[in-house]
């Protein structure tokens, strides 16, 4: 038993943390929130050229680095600390999962190299409500992360994975403002849009389930990074801020709030690292890991974001302070691919203490 | 709007508090826990002769004082502070409710005078599982408060209220030890026992529902008294107990625990007093009041009992300290006539936010 | 015990309701419906004049100063009826419920005669100027200083969390006039004209994206000594009066409304609620209902002439928790639609974290309950009695 | 990262398992199955001799004193395998996991030679004698005093919360030998023979109705100076070593077992669980699973030679919360049957409140995390550096 990252993994984390703090700190995320795209193409290119980040979990055969969920988890956790990355989640993570699970080797060879190089951006959504018939799709996907930035749209429908050209007739993609200011969302309307069915011959349900579980585990990695950042910021502040002649962090009520937040952040981190290991090893516990980590990481992200506001006093409630950006993101991540209550219900069924229904 | 007791009611409370503290303090409850009966006939008689307590809520026509739920609430709250009263709940409260709602005026005249005078003890239970046929009942009532002390057994069956002679053939009543040491319980087994059907001509369902709601409100009154006692005891202790050269009640974490407990006790008290008023006025909100008060009073009783143990440190965890008696009673009251989760589900249905089922 | 109106109360309620129904202007005066802060101020002033003409502008003030000296019970009815038609004190709150009562208690005869009537008429709009960036929970550590120059005080420093200062005419201001005294003893209470050079009001944008509070900067701003309330150095005691009135003006709230809005949302959406969420809704209702009842108990006490005590601190914390829980359930009910800006719970969700900050943090409130209601010891203070300027500040 | 055994670990696990399976006596040595405290002591001593013969009596001690100097990782495997067959240190815990390591670190050569081997063999059974009625969270304020009389210390005072003192032969005891020094400096660490006049052990009945702890009274009890560990007045530092070993011996626990017992109960009863309770069960599982994983992270750190730090305090609080929640769900599942004494959750329900008391209260644990892990300031102490006898006590 060894619950530690390798030296290489630790070095990768360090490297990445420096990169994100320099090129895409939360101040930059805040600036980009005002733009439609939500990312800077120059930095996106640096991510690809200097770090090969977009190809981190793409096989070497397709121009990637061939790493797995452990490295991807580290990347998402570090990006999560600064709410950075733009379409990294949509393209290099979610679309990569959808294709890896739901497309054929030929299709991998067609799509993954562009994603890995960062030259093509892809977006993915779960779209069980779409009507797909005769190579045409109609219907609505209310919220799709970064769809308006995408060169390729991937949708998981009831019949399997489909690919769309965002520029095709019958496809309307509208960038949507969201309560979460730090991630970009779009509404998609399809009216008889031409689609291409992927992964013919594969089991579409197995692919969809696996993609969903992996997606949850990926977002939880981000939640843990964001939670840790909020927690660190709050603790640093209460050490400095004086009231009644002493640091507010010396008052027992504040100390205990910090200790409670520390506990939930460390619990979530532990569950997250394990979930990456399960995903990296294609373990049978993938579903359980997704349910567990979604529940605890959501709690950690929301708790730490709230405590960061609270422990900063009135200052934490201002627009100017970054605390609210994390609080907003926490809410958005919480409802992504099933809220914690839904995941706990699924977990209870899996554990045999609740009858499915 | 006037959320205050009358001067007479305040005086009654004072009188009763003195009586209970002198004649039936928790030390006496502890001594009686070792006995089968769980009460002292001499004190029982004093309750009747000096205070007319058993007849508090029985009409004057039947030898009672003719008061209502407000006075009964005060009595139960004060008895609850010392976990005192023995069969008062079973006889003067629950059986009185069952008869008042489910029996005819002639039957009132037959049974209530004995109960009011304290010369006859009655016990009541909800027994929807009993088979009653041709004047004979069979089946099991797993837990009935003070049944082994009773001269008269009242059972709410699916067909209405029935009365049994505990000494009749086919009736077996066995005193049962319980985790709650301070109240006496018994198991009842009926094998073709002769029963008398009461309240012929009345609506048995309406009577049963009303009796259950009133029963919950009565027990909640006791819960509030017990909670208040635990809370008072804990606060008194942390003022005295020194560690690190100062009262532990001066440490912020302890202060905030006390403030939190105070809040829930006062919320429960507020809900309880209102529920008595609703019951006293036969208000349409009886069901809602029962659900609300069961939820908040259970929380208050359990929280205060736990905090009393915790704030006494190791000493609170000893057998010798009374704290555990309250903690045990809190658990027992919590499951009486539906636990808080069940009451909240019923409330959610009543409020129109949950579909019954 | 009786939860219904007495005949006298019922008559009063009818009188108030009748007055409001007859006089409320077309379109009402709902705070949230009135557009910009300037527009709110304009329309509230118009309405206040109507109230004033009919003797309802300051119903809790004494008759001597134009009020009706309402009993607490009747004040509750007054506020309930106002709530019913969506009328609140809004931008006038500082003058009507904080400064006015403070002046009546501590002002000079000249100050009362000069200021109370224009305040009651809504002519002078007031802002509270107490908090500072470095003085939050430890309000008495405030550092904005005033130095005497002839018949004027000259003020320098910064205030923050000042509601409505961007539309206010005057402010009630705490300044430090002696930094060599212990912190509570060197504070003076001034009334400052905000329309003067040397006063700059900067609206503060909150995390909701809205603006409710302001920062106020003073550079050699002037206050005539005639606008000093009470003695030099006696400001802290007077501020406590203001704070007491501020807290009791929060007393009237509709905590059950938080449940009702959720129920409306469920009905609107027509999506069945799962059992776990239903349990949380029921929990919320139980808490809110009990809190509403606790509030009624406290009001009864006040009506009977008892001092309310720190129960108000319990209520502030509890209502904050109810609001946090309601916002949480609200966004859960919305599911993915909670991403849409301006959704039914966006404002509440973003506003909720301020509930345990404004008007005293959760921690300060619990300290108050523990110390003032339960009699537990105060935190030891290593700087007790030390001069203000010898206590470390951030 | 790898959650499976390395080949070396797997081989070790197989070795341990083989040893246990071959040598475990008929009927096992499960603590809860062994009847009275005396019976437990007798059977555990027999088993300890078997362990000793095969070199497994003190596997974490150094080879010099009969141990195997197991790495933390292997110690975890050792304990997991022992757990599997229901073997624990039980009444031997004080000697094997507290006093032994403390003596190895701080004892004289003579003390080690005289005491370690009989301790390892289970011949000397030890009790901890630290806490006092007046010294709980503030352990260093202990008042049991010892006065020098020739080559003996004469001890007077009272200890409490002493596990197994009613069957123990000796105790490791903290006494005050100088009340004029600040509290941490006047404490001496002694080893006392409990079988002597002047020592009275009174079993304490806990709220569960069971007996685990004892009160121990000293009236002119004697301890030869040869049984003083470390220097006079140096006892506090040595006690900290003992406490560190005590805490780390709590490290191995099966927190997921709390969920599994509930699942078994549900299966046994065959009553379907409602959605609200299922959510709570899932919450419990999530917490327990995450806690189990956090424990593994800490063990990995320890295995890599890092100092564990106060993460253990987090774990103690979290496992307490898990147990409280499990007991609560347990009695809920039982419904009315939770009234029956001896039901599946009676013991847990009654025992749970002690979890946040024993081994450091919840508050002390959170202080430790805040101060030692997060670097937040300590509580100001008005009595710092003051002589012990000038500090108020209750």
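Read from first to last, the chains carry the letters A, B, C and D; within each, the first residue is number 1.
One rule holds for everything that comes next: a contact is a pair of C-beta atoms (placed from the backbone, for glycine too) under 8 Å apart; a residue touches a chain by one contact, two chains touch by 3 or more.
Not measured: the values here are computed from a predicted model.
Asks: Look at the interfaces B-D and B-C and say which one is made up of more C-beta pairs in contact.
Replies: Per the contact counts, B-C leads.
Asks: With chain centres defined as mean CA positions, report which chain is farthest from chain B.
Replies: So the farthest one, by centre of C-alpha atoms, is A.
Asks: Go ahead and note the Å separation of the Cα centroids belonging to chain B and chain D.
Replies: Computed value for the inter-centroid distance: 41 Å.
Asks: Can you give the whole-Å distance between the Cα centres of chain A and chain D?
Replies: One centre to the other, that is 42 Å.
Asks: Just how far, in Å, is the C-alpha centre of chain B from the one of chain A?
Replies: Each chain's C-alpha centroid was found; their separation is 53 Å.
Asks: Residues of chain C touching 2+ other chains?
Replies: 274-276, 279, 363, 366, 379-380, 382
Asks: For chain A, write out the residues touching at least two other chains, lowest number first.
Replies: Counting only residues that touch two or more other chains, chain A contributes 246, 251-254, 256, 341, 345.
Asks: Taking the complex as given, what residues does chain B use to touch chain A?
Replies: Touching chain A: residues 251-253, 256 of chain B.
Asks: In their shared complex, at which residues does chain B touch chain C?
Replies: These residues of chain B touch chain C: 1-6, 70, 235, 238-239, 246-247, 249-250, 252, 254-256, 258-260, 262-263, 266-268, 270-271, 273-274, 276-277, 291-292, 295-296, 341, 344-345, 347-348, 351-355.
Asks: Provide the residue numbers of chain C that touch chain B in the complex, in ascending order.
Replies: 1-6, 9, 73, 76, 259, 262-263, 266-267, 272-273, 275, 278-279, 281-283, 285-287, 289-291, 293-294, 296-297, 299-301, 303-304, 311, 314, 317-318, 363, 365-367, 369-371, 373-380
Asks: Once bound in the complex, which stretches of chain C touch chain D?
Replies: 274-276, 279, 380, 382
Asks: Considering the complex alone, what residue numbers of chain C touch chain A?
Replies: Going by the criterion above, the answer is residues 131, 133-138, 141, 160-161, 204-207, 209, 213, 274, 276-277, 331-332, 335-341, 343, 346, 349-350, 353-354, 356-358, 361-363, 366, 379, 381-383, 386, 391-394.
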